[in-house]
Amino acid sequence: MTEEFEPKIIAFLCKWCSSAGSDLAGVSRMEYPPNVVPIQVMCSGSISPLYIFSAFNRGADGVLVSGCHPGDCHYIKGNLYARRRLALVKKLLEHLGLEPQRFRMSWVSAAEGQKYTQVIKDLVRDLKPLGPQTKLRRNV
Amino acid sequence: MVKLEDLKEEARRLLKEGKVKYIIAYERNPLDGRAVPAFLRKPEDADRIAWDPTCVHNLVRFLVDEKRRKAKEKNPDTRPVGVVVKGCDSRALVILLQEKFIERKDVHILGLSCEKTGVADERKLAKRLKGKKAVRVEFGPEDNFTVTTQDGAVTVPAAEVLAGRCLECIANFPVVSDLLLGEKTKRTVANAFASVEPLESLPPEEKWKFWQEQFRKCIRCYACRSVCPMCYCDECVADTINFAVTADTPAEEKAQKIKWVEKSPLDSENIFYHLVRAIHLAGRCIDCGECERACPVNIPLRQLNKKMEKEAKVLFGYEVGFDPDKPALISCFRDEDPQDFIR
Amino acid sequence: MKKTGVFICHCGINIAGTVDVKKVARELSQQPGVALAEDYVYMCSDPGQNLIAQAIKDKGLDSVVVACCSPTLHETTFRNASQRAGLNAFRCEIANIREQCSWVHKDMSKATPKAAQIIKSTVKRVQKNEELEPISVPVTRRAMVIGGGIAGIQASLDLANSGYEVILVEKSPSLGGHMIQLSETFPTLDCSQCILTPKMVEASKHPKIKLMTYSEVQDVTGYVGNFKVKILKKPTYVDPAKCNLCDECSKVCPIVVPNEFDLGLTGRRAIYLPFPQAIPASYCLDDKNCPSLFPVACGKCYHVCKPKAINYDLKPEIIEEEVGAIIVATGYDLYDKEKMAEYGLGRYPDVLDGLQFERMCSASGPTQGKILRPSDQQEPQEVVFIQCSGSRDPELHCAYCSKICCMYTAKQAMLYKHHVHDGQAYIFYIDIRSGGKNYEEFVQRAVEEDGVLYLRGKVSKVFQEGDKLKVWGADTLSGKKIEIDADMVVLAMAMRPAQGAQELAKKLKLALDKDGFLAEAHPKLRPVESVTAGMFLAGAAQAPKDIPEAVAQASGAACKAITILSQDRLYHSPTVAKAVKNLCTGCGMCVAVCPYDAIALKDGKVEVNEVLCEGCGTCQATCLRAAIQVKNLTQHQLHEMILASLGG
Amino acid sequence: MDKILPKKDFPLWLKNLSAYALYAPRLVDEAWSYEFVTDPARVSLDYPLTVVPAKKIIFPQRESYFEFSQDDANGYRLAETLPEENPVVIFGVRPCEGRALTLTDKVFGGEFEDLYYWKRRRAVTLVGLACGTPPSPNCFCLSVDGSPHSREGLDILLTDLGDKYYVEAFTSKGEDLLAKGGAVFAVPLPEDKKAADKIQADSENKLARRLENIKDVPLKLKGMFDSSFWDEESLSCIRCGICTYLCPTCHCFDINDEVESATPLRGRRVRTWDTCQFPDFTMHSSGHNPRPEKSSRLRQRINHKFQYFQEVWQNWQCTGCGRCITLCPVGIDIVKVVEKVRDHAS
């Protein structure tokens, strides 16, 4: 029996909602799988498609971008730009044949520690059966 | 029918009266009958202008060069540059106007309507002629092309040899112009995104297999980005060294150059390059199809760009390259933008 | 080579219980550019902070990563500690290994490598952090308040009483807003004019308040602490200093137009006193309705004016002012009459809106406080009040609740009963929302003492039949259809943002919510701040409010404004966007996405106003050419962080 | 050593070459390309010209120099990654490409041998295919000292005689390859030889394009370095890499470190094709770029091929395959450019 595949996931969390929501999950001592390395950014609107491509290129098995719910953005509307930009990224990656589960976006508010926990659990659960992401991964 | 003589006459007049700096048009290469870009400076140069189904090039691309050249000149000639555009090319120009890369006053647009046809796909034509060499391709009669080979002229229904982009064209005549020749009847296509549907319908693994084989062929000659009027960045993600540096650029700034992608034609790096190109062209690509035509190894690049154009339309109701005053696709949003993919 | 110090906090067992801090420290000490990696039981304690400070001095560290709890808790602590030890505060970053690691995992063998990766990624970031100093700008220590209703007056008085100069701009000829139109106020039934006029007088006499009535804000430029405003002062053609309110001019004026103050229940002349208690106490010539002003053709008022207060030659003026903060209190208007055709408003004279009814109840109103049907001047015996006229109706009208209607309808029904003892008041309602001090008791009083009949349900139709108004509705509690032959119908119309507020918001670059009210910076935590630094919101311009709420918010806004005005200089986070000009092609996409108008194109290249920029980075992601970057979170840094997070 | 190979037996020969990695032209998405042979039965040499020349096998677009790593246990480590000398055969190589390899041999050979190139070069056997008819309308090999049946650089030359090939082997590598074929080859009859000679001789008259009287071009070019001629000629150039990447004689490369992991350090140093047509080719780290304009880059391409290479190696660095003409997206024609140089009033 080989060891179960543990996906490597990068999560871009906006500082004001999702990172705070993730903090709340911690404060509430919720538990979720340790596969995700969080990177805190100021706003989901600051996530360039390049970061997502790059994460996959450098071996991420999954990428999560999480921001404030529409209307709650600390910067008013950054998440709405993100929503449009990342919808395109998702469609593009899927057109290429990347499994749709590998790139995910979520809205997690500062109060949603439980939701953050669930998002991570779902993501890890969805990625495990897919195995390592080799399509976009660099192999020099 | 576009009267070529009218175009020549106007070009002659513009050059004679000094209204334009020069004119970018097409001329025919007598050796193979194919059109090539021509840069006309004197009134008599206008005689060389050609207009036929081999006028595939998007001449708007050369306005990018013009802008760069002009920026370096000390006392630049401020007259507009004349440029011959088809419908698709004019939409590229709209994007350059939208992105303030070109000012309307700097360009004199000579628009030509493709009417009911468009330009020929050289590869399709070669196949149709079964090895015979076309020495001349002309529009008409009606929705046909007249193709002359060593064995004489034949009539080929245009639809059989039209470039893929023309089959899905949503602007058969220029959307912006100073002079517009030919019929201005809007041609409607049944499905402007038909070509992406077969691939869309495949399961992920088969899509991937398709693309993997395609991108494996890429030799990173960058003809796709070089021929593209929208790829006017001074420095591309794919460039391995810092370009936009000058003698006084500080070392820290030079060190900011990120090596996102290796120069090696590895599958992953080729894909990265094409992914970035596709996303950077989302909402900007007007499907002139030049990248696909220029590709020496025949990678179907329109499949990527067309997909993005389709999503812009379907998800955001955004049509690319018609209105220079509209915000760019990614610099605006609608409250009702879909978010069902966000959970 | 960089010299980064990594300091890993045990947080007692909060971190060390799940993360092998010693192992992480060993691993980090091997990282390129890491000069030392140490762990300590409580980094935030004084000895912990000293450890960091000492290491900065001893090892000459050029950057510091503290791996501990969330940056929201101790970022400031450690940045200050670094600064004290001589390191630029912005060369200290926090790696969150508690909330986002040790607290959410149980398995030490898995939490430990994750913690290491989070720290490595932070090390990569901090090694490319610029040394930054907070951006500082001087402050113009005066404020502008837009809107002379109760909220604007209150905010102005609070600011002025705190010693700051205030310019109070009101677009109508008098202060007072809608509150001055009201008869009595709930839940105490004290007279609205009696409590408001002293405040109006105080505002007009206050040495620190420059009152500009009949004026409108034309343009605002600049930024927090340093706004430049242009105010259009419209001519009233009457010098308030000379006007003695004799009313001779009005008497001779041939023009009669509906009186705005009485909502059309009475008329006024083209030269008129807005209302008896108007401040400034002066007549005003309304040049839109006086047909004989350009050129002067009539001149009757001029001739009868003994103090020679009338001057037809006055011209609009543009007044320029500099202020450090702006409070927007533009209030509300009632929902459009035309949109409530189903209830016959505007069609049947005896269907009134709530404000018209207020005027009718008012002792200074058109009927001197008697409740009379406009059609025949008879006392109505049956009055139907319809709540939520235009509110809470997402399909046809406004989706939101106008909040104050439950209370004022109860009040109005009560006032009606006080005037017409044998009359019957009916109130159609969806719910009764009487949250507020003494509010529920007030509603109960209406039911119990004044016998107001509450009917739960919506009215489907109001139409005239003979001299009665037929009201068709349903009582959803009994399930019965209800028909009332009413003598008068009063509609509790929805509140919507004041007319012109939208254009004003554009000038001020303020965001609006989906209903057109001014958007607050955060719905919970920054309810009086606008999205633009230095601009604050008060009163019903932000959302429907009653008087005490509007007053409270106005004082809140004043206080927020004082947090700016009381400073000599303002300090602003320096982690803002910066332009990389040689990459910029001037496409303006970043300009379009910036929520703060902090980016502009100058000579075809992007320029960032660092004072306005909040550092969100949306521009950075939008730019196709990396020509705009947020300091200390650049693309380069993120790239390195991604690589480090993936272990490469 | 001359032989006859019936076309039907061509696969049999290939099947006997299991010791070699075989490459032959295959049509991939409407473009001919030298591809690894998996099924000898499907190999046909009935093709015009590949898009990418055979140099891609000998001078691959990416060549790894060495791997590097650094970790606690081993410290710094470098491991050379010379290519293995597995024998390779490329079938159907056009004579112009064979000649092209003799030119790149000069560049990578001499005093400092480029081992990476030579490991592959020595391991390859080139089975050429004489051009009975020009494979491209833009062929002009005769004008640059080549011919449609040149043997230079090749080990074997096949001449298509309809249902059979006339096979000439003129190197020991070529003869080895014939020896492996054994009985599939027949001894040519004199009329076979005559037929092959005639086809070869006739082929010289079938070339549509000529580039004549270019003897003085190197000198001419020297005098035209600062001419505005280049500005005008390069107007339509879009600065892509097609002309050079697809040129069988172009051999410029770039060297990069590809870092797979920063900590622990792991990666490799590689060389990749590079081209003088890319603006970053000459970009200095100072920000100075000696060839900032596309005019200077077109000039460089022509100068290198028609002046510098002559000066150093007494050869044109062009074998007249016509790829750069056919595939240029904007129709820049090297023959026309050189003719214009020749006729330029200096």
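For reference, chains read A, B, C and D in written order, and residue numbers begin at 1 within each chain.
Convention: a contact is a pair of C-beta atoms (placed from the backbone, for glycine too) under 8 Å apart; a residue touches a chain by one contact, two chains touch by 3 or more.
Just so it is clear, the model here is predicted, and its values are computed rather than measured.
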- Item | Pair sharing more residue contacts (C-beta pairs) when C-D is set against B-D | B-D
- Looking at C-alpha means, what's the farthest chain from chain A? D
- Task: Please compute the C-alpha centroid of chain C, do the same for chain D, then give the distance between them in whole Å.
- Result: 72
- Item | Distance between chain centroids, defined by C-alpha means - chain B, chain D (Å) | 31
- Quick one: chain B and chain C, Cα centre-to-centre, how many Å? 48
- Note on the structure: Whole-angstrom distance, CA centroid of chain A to CA centroid of chain B, is 35
- Message: Using the touch definition from the top, which residues of chain D touch two or more other chains?
- Response: 258, 260, 270
- Check each residue of chain B and list the ones that touch at least two other chains. 245-246, 249, 260, 262, 264, 266, 330-332, 335
- Task: Would you give the residues of chain C that are in contact with at least 2 other chains, written as numbers and ranges?
- Result: 593, 622, 635, 639, 643, 647-648
- Note on the structure: The chain D residues in contact with chain C across the complex are 72, 259-263
- Query: For the complex, which residues does chain B have touching chain C?
  - Reply: 99-101, 232-235, 244-246, 249, 253, 256, 258, 260, 280, 327-328, 330-332, 335
- Parts of chain A lying in touch with chain C, wherever the complex brings them together: 8, 10, 19-20, 22-27, 29-32, 34, 37-43, 45-51, 54-55, 58-60, 72, 74-78, 81-82, 85, 117
- Query: Of all residues in chain B, which touch chain A in the complex?
  - Reply: 196, 199-200, 202, 204-212, 237, 260-262, 264, 266-269, 271-272, 275-276, 278-279, 282-283, 303-304, 307-308, 311-312, 315-316, 329-333, 335, 337-339, 341-343
- Task: Within their complex, state which residues of chain C touch chain D.
- Result: 30-32, 120, 643-644, 647-648
